[in-house]
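Pasting the structures in now, so scroll down.
Both complexes shown next keep subunit A, but they swap its partner, so subunit B is in the first and subunit C is in the second.
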Partner chain A sequence: MTVTVPHYGNSFIGLKVLFDALGINYVIPPRSNQTALDLGVLHSPEEICNPFKLMLGNYIQSIERGADTIIIIATNGPCRFGEYASLQQRLLKKAGYSAQFIILNTQSGKKALFEGIKKIGSHSSCSTFQKMKALLLAITAISLMDRIEIKLRYCSGYEKNKGECKRLLQSCYEAVVQTNSAKDAVKILKSFKHSIKSLPLDYNKKPLKIAIIGEIYTISDPFSSNHIEDQLMDIGISTTRSLTPTWWLKDSVLKPFKLNSLSMHRAAKEYIYTCAGGYTRETVGKALLAFKKGYDGAIQVFPVGCTPEVIAKPILEKISSDKSFPILTLIVDEMTGEEGFITRVEAFTDMLERRREKCII
Partner chain B sequence: MYYLGIDIGSVSTDFVVLNKDLEVEDHLYLNTQGLPMKAVQEGLKLLKDKYLNEAINAVGTTGSGRKIIATVVGADSVKNEITAHAVAALHINPSVKTILEIGGQDSKIIILKDGIVTDFAMNTVCAAGTGSFLDRQAQRLGIPINQLGDYALKANNVVRIAGRCAVFAESDMIHKQQMGYDTPSIVKGLCDALVRNYLSNIAKGKDISAPIFFQGGVAANKGIKNAFEEALHTQVLVPEHYNVMGAIGAAILAKEALERSGGTTKFKGFDLEAAHLSTRGFECSDCSNQCEVIVIEENGVIIGYYGDRCGKWLHSVKMPS
Partner chain C sequence: MKVGLPKGLLYYRYHPFFKTFFEELGAELITSEDTNKKVMDAGIRCCTSEACLPIKIFHGHVDALKNQCDLMVVPRIMKVSNNEYICPHLCSLPEMVVHSMDHLPPVTYQSLYFNSQKQLFHWAKDVGKLITPKRSAIEIAFNHALDRQANYKRTIDQSQYSYKILLVGHDYNLYDKYVNMNIIRKLNDLNLGVISSDSIGNGILNKYIKKLPRKPFWYYYRQAYGSAAFLIEKGEIDGIIFISCFSCGIDAVITEAIKDDMSSLPLLLVKLDEHSGDAGLDTRLEAFSDMLARSNTHHKKRRI
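On to the complex of A and B.
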């Protein structure tokens, strides 16, 4: 058995560590790119979400590299994501690819979920204790990677040597996938995290600060969001992103106890007090938190047809006019022209800069 | 002491030379015709005899071709069209509150408050309400584009044209022609449809208050200006240099940029017209990003790269000082 997983932000690093530690054969698909999207578009219904198409492309690229089992999570309820697995299963079959699916369904009871986990575990020769340890290593790796990314994207506004944060982040991604030892991977991540401390930063700088909000998959995946965070990093803007794989893990674990994302929900209460599907509340909440923390603006990115974010959009417009807090909405899909996207982001950051300069004078 | 601004758009490439008091000394409006490099060389050639290289203190570019042309001419500031248009309008009238801009292939609205851009919108998925569409319809009706507006003013009937989509609008116009409406009324109907589309699409939910500036190539069309005034019930101002406002903004931004950094201009001079400039693209396959990288060459020597996300190609070129 050779397993594979679709891409979702930094999750592949954690999963690679997990499979390495468990001694399971795996294929990590190439990070989402135009080829994956083209493959996905070819085999998907036209009006389905962009993440769906990209994931399908990921599977096909993995199958071409020898994968035969696909592991995917299905969380019924919040949005169409819950239906992804079963639909993708059919589409792959129709397209003539043979692959088995292990669906980790989090909504149809603990039993189904554990069955899926057991199925994966049965392919590893490790003892239960070692398996638990592997899981722990994986979680450590994923949260380290997320923390490194968040820290560097924030620090890029303060860096003394232009482009240093971006280069460090790039070399971290490159280094961590080189090793096939789970322990080494965690070690590498730890050393990168440590090296952030020695980055020369200038705290006297007052960079623009922008919160990246919107659909969870799109903002976590650089290709989907047209590398918006890298673009902002290049021009020395500090960014923060609300949703990451680590956040998702924490949110999923705490959800049954209703202790998940308390701060965002509390902040969102002013405008929306109930779940409207997906992460509408988190998007609204994060925008309001960013405003309270003195951020200069927020950019909402979501794929065409994402209902939860469509609900959030008019709320964000209201927040924008109520609080005089600029929020730019960008909608992406396979038809998005990159140049137009970049122009809009650039115009937005210019606007923020000029707004602020005027304030000082 | 002059400042040069270049706006490389889809339809036109505009040049503006501002004097030290930021007044327009010279302006050119050239057709891009899909060859921005050639248009820029043409423009520089036309300006060459009037100005010395040393007299140019700063150069700025804007428009969709701003980045590539910036490398070629040695620009000091590279800014998007929205900022450039806003800066130019504010320079003429610091109290301007709304800017309606309709260019060749895009249209935008810019909302300003106390001299700062507070909100903007740009057409995203459709170009039905832009200059290219008018161009095509004028051609079809056999009217020179610069007379289209005058035709609209002669209308005595009200004709409603479907304006949601350029193709359907054309079908509707043909239908109205067959029904026997006179050309001026149809042209007026077309102007009204374009304005209706603009206001319900791009300007939706925006607070449009006076003073309102109307700029971009389409502002030459009196029919559209009138239609805007009728729909908004207020006066719409068309600035003197409405068609080169982007270039004016680019020149002012270049001046500001150099004043802030305290450096000198990177302008390569007007002699560029003799150089052999070319661009080619390739797909970098060094990582999974698969960026489309554009190579810019001058007389066979690579002077710049554009489009690589990691900056590996971009930084491989050392700019001659």
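On to the complex of A and C.
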């Protein structure tokens, strides 16, 4: 058995560590790219959202590299993610690819997740204790990776040597996938995290700060979001992103206890009166939090046809005019080139710059 | 007190409930007109452009009523059946409407759970309070409303025509004549009878969705798939027409499953948005009816 997983932001780091620790054969698909998207588009219904197509492309690229078992988590919410797995199974078969699916249903939350991990674990010769340790290592790795990324994207506004944060982040990604030892991977991540401390920073700078909000898959995936975070990093803007894989992992497991994202929900209350479907509330909550924390603006990114974000859009427009807090909405589809995207982001940041100058005068 | 009830979305499913409830409480109920060009244009103007047509149309109905009432019913329908979802749009309707439009009267933002009488009563209690302080009056109105809703039958099952078509779709697409360009009349004129996807009972639906690898978690997925599978097996229909909407995520998934698994019968997909035209539909329906006639003689010949 050779397993594979679809890409989901930087979660592959954690999963790689998990599979390495369990001694399971695996293929990590190439990070989402144009070929994956083209393959996905070819075999998917036109109307389905982009993350679906990219994931399908990931599977095909993995199958071509020898994978025969696909592991996917089907969360249950009123959005489409939950129906992804069965439709993808159907489409792969139609396209002539054979692969088995292991679908981890998190309908019943925690229990199902552990069931699924047990299922995968049964292909490993490790003892239960080792399996638990493997899981722990994986969780450590993914949260370290997330923390490094968050930190560096924030620090980039303050760096003394231009481009240093981005370089460090890139080398971190490169280094951690080099090793096939779970323990080494964690060690590498720890040392990178440590080296952030010695980055020369200039706290007298007052960089623009922008919150990236929107559909979770798209904003966590550089290819899907047209590298928007990197682009902002290049021009010395600090960014923060509302949702990360670690957050989502926590959300899937903790939802039964309603513990996650309390602060976002509290912030959203002003505009959302009860639980809306999908992650609308997180998007709105994050925008309001960013406003309260003195950010200069927010950018909402989502794939065309994404229901929860379409709902959020008019609410964000209202917030923007009520609080005079600039929010830019960018919608991605297969057609939009990166260029159009970049121009709009540039125009937005220029506007923020000017706004700020005016305020100072 | 004047209460406005917009004629959009699940109005077509639950209007007896809303009407009875508000009228029994002594409110003056104002319903918007049937959807028309003016309503649609207003909807397109008020609503975010990425939304689906039914959501835009709902905004249009709200716009038509907003200066005539003191309270606007904007139902936040969370569930219509146990362990299943409907659409995130319907769960966030009040937020969308309130933040997209100006000068609105107060709206009802409370949640409605049509799968549970107990939870539904919470809605009645909270909304009823705005009209009368008398709890007993609210209870009576609520019970009458439930009765009226239970006795309301709106499904279509025509058998006086030479062919029978299963019409699949959300209530607001099946029953809003403006939106679907009066498709049922058009089909009848071509001597095609219609049975609607909502006319099959729950028990049967549950039995016939077993073919799917996993129980769908959308109510409309179960309804569409189950009714089609059942009627095909019974040999009761000659074709399927699916009325769906552009930029509806749910319809995109259902379409795929129906296309794959119901391929034994002719299938016509009618996709709606604000640009759908009458003439185009006529041609497609005629072609569809011709195809039925051909494939059916085929059938008969083979049987001989």
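Quick note on the criterion: the second predicted complex is superposed on the first by the 352 of 361 C-alpha atoms of A that agree within 3 Å, B and C clash if a C-alpha of one lies under 4 Å from a C-alpha of the other, contacts with A are read in each partner's own complex, and residues count from 1 in each chain.
Following the convention adopted for this analysis, a residue touches a chain if its C-beta (ideal position, glycine included) is under 8 Å from a C-beta of that chain, and two chains touch if they have at least 3 such contacts.
If you're wondering where the values come from, they're calculated on a predicted model, not measured in any experiment.
Undergrad: In the superposition on subunit A, see if there is space for subunit B and subunit C together, and answer fit or clash.
TA: Superposition check on subunit A shows subunit B and subunit C fit without a clash.
Undergrad: Which partner does A:170 contact after superposing on A: first (subunit B), second (subunit C), both, neither?
TA: Once the two structures are laid over each other on A, A:170 reaches subunit B alone.
Undergrad: In the superposed arrangement, does A:317 touch subunit B (first), subunit C (second), both or neither?
TA: After superposing on A, A:317 lies in contact with both subunit B and subunit C.
Undergrad: Could you work out the angle between subunit B and subunit C as seen from subunit A, using CA centres and rounding to the nearest 10 degrees?
TA: The three centres form an angle at subunit A of 80 degrees.
Undergrad: Just subunit B (first), just subunit C (second), both, or neither: which does A:350 touch?
TA: In the superposition, A:350 touches subunit B alone.
Undergrad: Counting only touches as set out at the top, which of subunit B and subunit C does A:119 meet: first, second, both, neither?
TA: neither
Undergrad: Applying the touch criterion given at the start, work out whether A:47 contacts subunit B, subunit C, both or neither, answering first, second, both or neither.
TA: Touch status of A:47: second partner only.
Undergrad: Once chain A of both complexes is superposed, is A:273 in touch with subunit B (first), subunit C (second), both, or neither?
TA: second
Undergrad: In the overlay, work out which of subunit B or subunit C sits against more residues of subunit A.
TA: C
Undergrad: Answer with first, second, both or neither: which of subunit B and subunit C does A:89 touch in the superposed model?
TA: Once the two structures are laid over each other on A, A:89 reaches subunit C alone.
Undergrad: In the superposition on the shared chain, how near does any CA atom of subunit B get to one of subunit C? Answer in angstrom.
TA: 8
Undergrad: Which parts of subunit A are in contact with subunit B and also with subunit C?
TA: Correct list for subunit A: 317, 331.
Undergrad: Inside the complex, what are the residues of subunit A that reach subunit B?
TA: Those residues of subunit A that touch subunit B are 30-35, 163, 166, 170, 223, 227, 230, 234, 317, 324, 326, 331, 335, 339-340, 343-344, 346-347, 350-351, 354-355, 358.
Undergrad: For a test of understanding, state which residues of subunit B touch subunit A in their complex under the given definition.
TA: Within the complex, subunit B contacts subunit A at residues 64, 79-83, 114-120, 122, 124-125, 205, 287-290, 309-311.
Undergrad: Across the complex, what residues on subunit A touch subunit C?
TA: Per the stated touch rule, the residues are 45, 47-49, 76-80, 82-83, 85-87, 89-91, 94, 103, 271-278, 280, 304-308, 310-311, 313-315, 317-318, 331.
Undergrad: Quick check on the complex: what are the subunit C residues that touch subunit A?
TA: 47-48, 50-51, 76, 85-89, 91-92, 94-96, 99-100, 109, 111, 212-214, 216-218, 221, 246-253, 255-257, 260
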